[in-house]
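Please see the structure below; I have some questions.
To keep things simple, chains are lettered A, B, C, D and E as they appear, and every chain counts its residues starting from 1.
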Amino acid sequence: MFARYDMGAEAVDELKQCPLYGDRFEIRRRTVPGFKDLGVAAKKLIEEEGCAIVVALGMPGRAAIDQVCAHEASQGIMLAQLLTNTHVLEVFVHENEEEDPEKLAQVCVNRARDHARNAYWMLYEPEQLSRRAGQGIRQGYDDAGPLGQPRN
Amino acid sequence: MFARYDMGAEAVDELKQCPLYGDRFEIRRRTVPGFKDLGVAAKKLIEEEGCAIVVALGMPGRAAIDQVCAHEASQGIMLAQLLTNTHVLEVFVHENEEEDPEKLAQVCVNRARDHARNAYWMLYEPEQLSRRAGQGIRQGYDDAGPLGQPRN
Amino acid sequence: MFARYDMGAEAVDELKQCPLYGDRFEIRRRTVPGFKDLGVAAKKLIEEEGCAIVVALGMPGRAAIDQVCAHEASQGIMLAQLLTNTHVLEVFVHENEEEDPEKLAQVCVNRARDHARNAYWMLYEPEQLSRRAGQGIRQGYDDAGPLGQPRN
Amino acid sequence: MFARYDMGAEAVDELKQCPLYGDRFEIRRRTVPGFKDLGVAAKKLIEEEGCAIVVALGMPGRAAIDQVCAHEASQGIMLAQLLTNTHVLEVFVHENEEEDPEKLAQVCVNRARDHARNAYWMLYEPEQLSRRAGQGIRQGYDDAGPLGQPRN
Amino acid sequence: MFARYDMGAEAVDELKQCPLYGDRFEIRRRTVPGFKDLGVAAKKLIEEEGCAIVVALGMPGRAAIDQVCAHEASQGIMLAQLLTNTHVLEVFVHENEEEDPEKLAQVCVNRARDHARNAYWMLYEPEQLSRRAGQGIRQGYDDAGPLGQPRN
């Protein structure tokens, strides 16, 4: 509810375009008051509703305290993963990443969709990930690209 | 006891105005010495007294060390959630959010009541939450609002 | 051993003055090398010696690294609580709270005794705590007091 | 995928040159979207695929937020180790360690290979580690070397 | 291996001079690549080899990132203790504590030996610890000493 863009809708739409949607997997969506509620919500989706992977979407605000809260939210998501042996992809768009609201909305769209696709790949096409190892892939922005080889 | 406003009384009053109060749920209240005691108190309410959700209210002070303590308190609340698969809504009003004591008291009232209502919705009306996804909702202050759509 | 005042002796003396001492409860005391050893010491007191509550006393030093260590010590105490469903009251007096050694010693005395009393109340007189909710109580110093009511 | 150099390929190549490769051990490799996914991936490799040790490779970016994320990723790797009683060697090359991409690539190569070799030694030649105790060994750069003896 | 002084050798030597060495206890020593590997190594020594206490020795480097890593290493050691109900004495000498290598080596010697002795006392002579409560004891340097009494 805190987030200023409905990233969940983007992630759901991306997943619905994946080849195996409806056939091999379906989607559960939960909305929580703030991103600190994501960790336990993810754990419940996994343990109580049988989800095989979770995409956790949130938007930390601009204030210094928001950064601390984002760190705590991330620790909760991390712990949820380790206690369930299940991946939870954290998709945070920080409100201060862009000044322009339209650009910020675009980052929300891109990052939510990129990570929804990653979640799909992790379950059904892991070779898509290994093929991209070391390529400097960025979610939400242009990729940084690979470094090239060391000189000697 | 550390908090300078009785936020618990506000939360209880809000919950008593919820439609199913007395019928589907009742309220347990515990007071602890400081906010670092909230994590285990919440866990005990869940595991020993059967609470289905907890609202944890506290007021971190102005000093730098209080921010570190608030972070530790938050980590405890996070862990309580993950170890119980139960939501614990953290409601902290930082003493330095407002200089004016009356305004600070108002933030206490608003945030305690907003989160008490969220707790109710999470259990009995989750569609109230999903309806507000991506709307930039703020507890204790005016909402930030949604971003609008990306340009392209 | 690191602490520069024997806060444990103060806490023990305060507890011995509580009404039910010797009748309903007795006291176990352990000394550890540094405050990072408090977390596991508290957990062992609870799990191996049957303690119903623990008061953990320590004095972080003045250096920047001491603040990090205090944070780690606090995280350990927090975890001890959550893994045992038992309150461990953390009573830290930071060496830099007061320049004057006599004043610092006085803070040690007050805070150790206030929290020892809190521990007693939590077990035997919880209404003493609920009566003080929202009153801005401080351990070791004068209370901050309540905020008053919001204007509207 | 985030990393800008395929450190995994270097680690695998180094391990294939170890004496017992193919005879006593084989290699499993997994690619994850970002380094925050390493902790649970390592835990799954250990618990679900029977790995006896894991080398976790990642490249934190230059931004301040990347440092926080790296800290969270490290905490996840730490927790994976403690929950499995299995070593997970964290091999992070921070993008800001070197300005020159070729030098940065060289650090990636060296550190990935050094830690892959460490992983091998931990399982099959622990005396290689004890022999190097207190020698100021650095992975990815020249060693710092021992301090020498105290004067008195 | 990262440490620039063989603190383990000092700790072992100190323990060998303790009255009950060889009679009531023996010593196990493990060397790990870096201090982030100490937490799980300690846990394995306790759970897999039956150690009753562990002394974990490390030397964080001078860089800012080393301080973060030291914090993570400490969290791992803390968690190892809480998951095993066993003390693990963390003995870190920060490379930036002294500029002069000989003085730094002396801190390594003193601190390793002081904590090895503490470990012995915790198991066999706990009254040595309680006698030193509140005395401002420092490991590796001169003691800070007690504060004296509050004025009133």
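Everything that follows uses one rule, which is that a residue touches a chain if its C-beta (ideal position, glycine included) is under 8 Å from a C-beta of that chain, and two chains touch if they have at least 3 such contacts.
All of these numbers come straight from a predicted model, not from anything done at the bench.
Engineer: How far is the middle of chain A from the middle of chain B, if each middle is the mean of its Cα atoms, in Å?
Structural biologist: 25
Engineer: Let me have the rounded angstrom distance from the C-alpha centre of chain B over to the C-alpha centre of chain D, please.
Structural biologist: Inter-chain centre distance comes to 40 Å.
Engineer: Note the residues in chain D that touch 2 or more other chains, in rising order.
Structural biologist: 71, 75, 79, in rising order.
Engineer: Is the way these chains touch best called a line, a ring, a star, complete, or other?
Structural biologist: Ring.
Engineer: How would you write out the ring of chains in order, opening with chain C and then chain E?
Structural biologist: C, E, D, A, B
Engineer: Please give the residue numbers of chain A that touch chain D in the complex, ascending.
Structural biologist: Touch list, chain A to chain D: 67, 70-71, 74-75, 78-79, 81-82, 85-90, 94, 115, 118, 122, 126, 129-130, 132-139, 144-152.
Engineer: Going by the contact rule at the top, pick out the chain E residues touching chain D in the complex.
Structural biologist: It is residues 1-9, 29-34, 36-37, 39-41, 43-44, 47-48, 61, 65, 68-69, 71-72, 75-76, 79-80, 83, 101-106, 108-109 of chain E that touch chain D.
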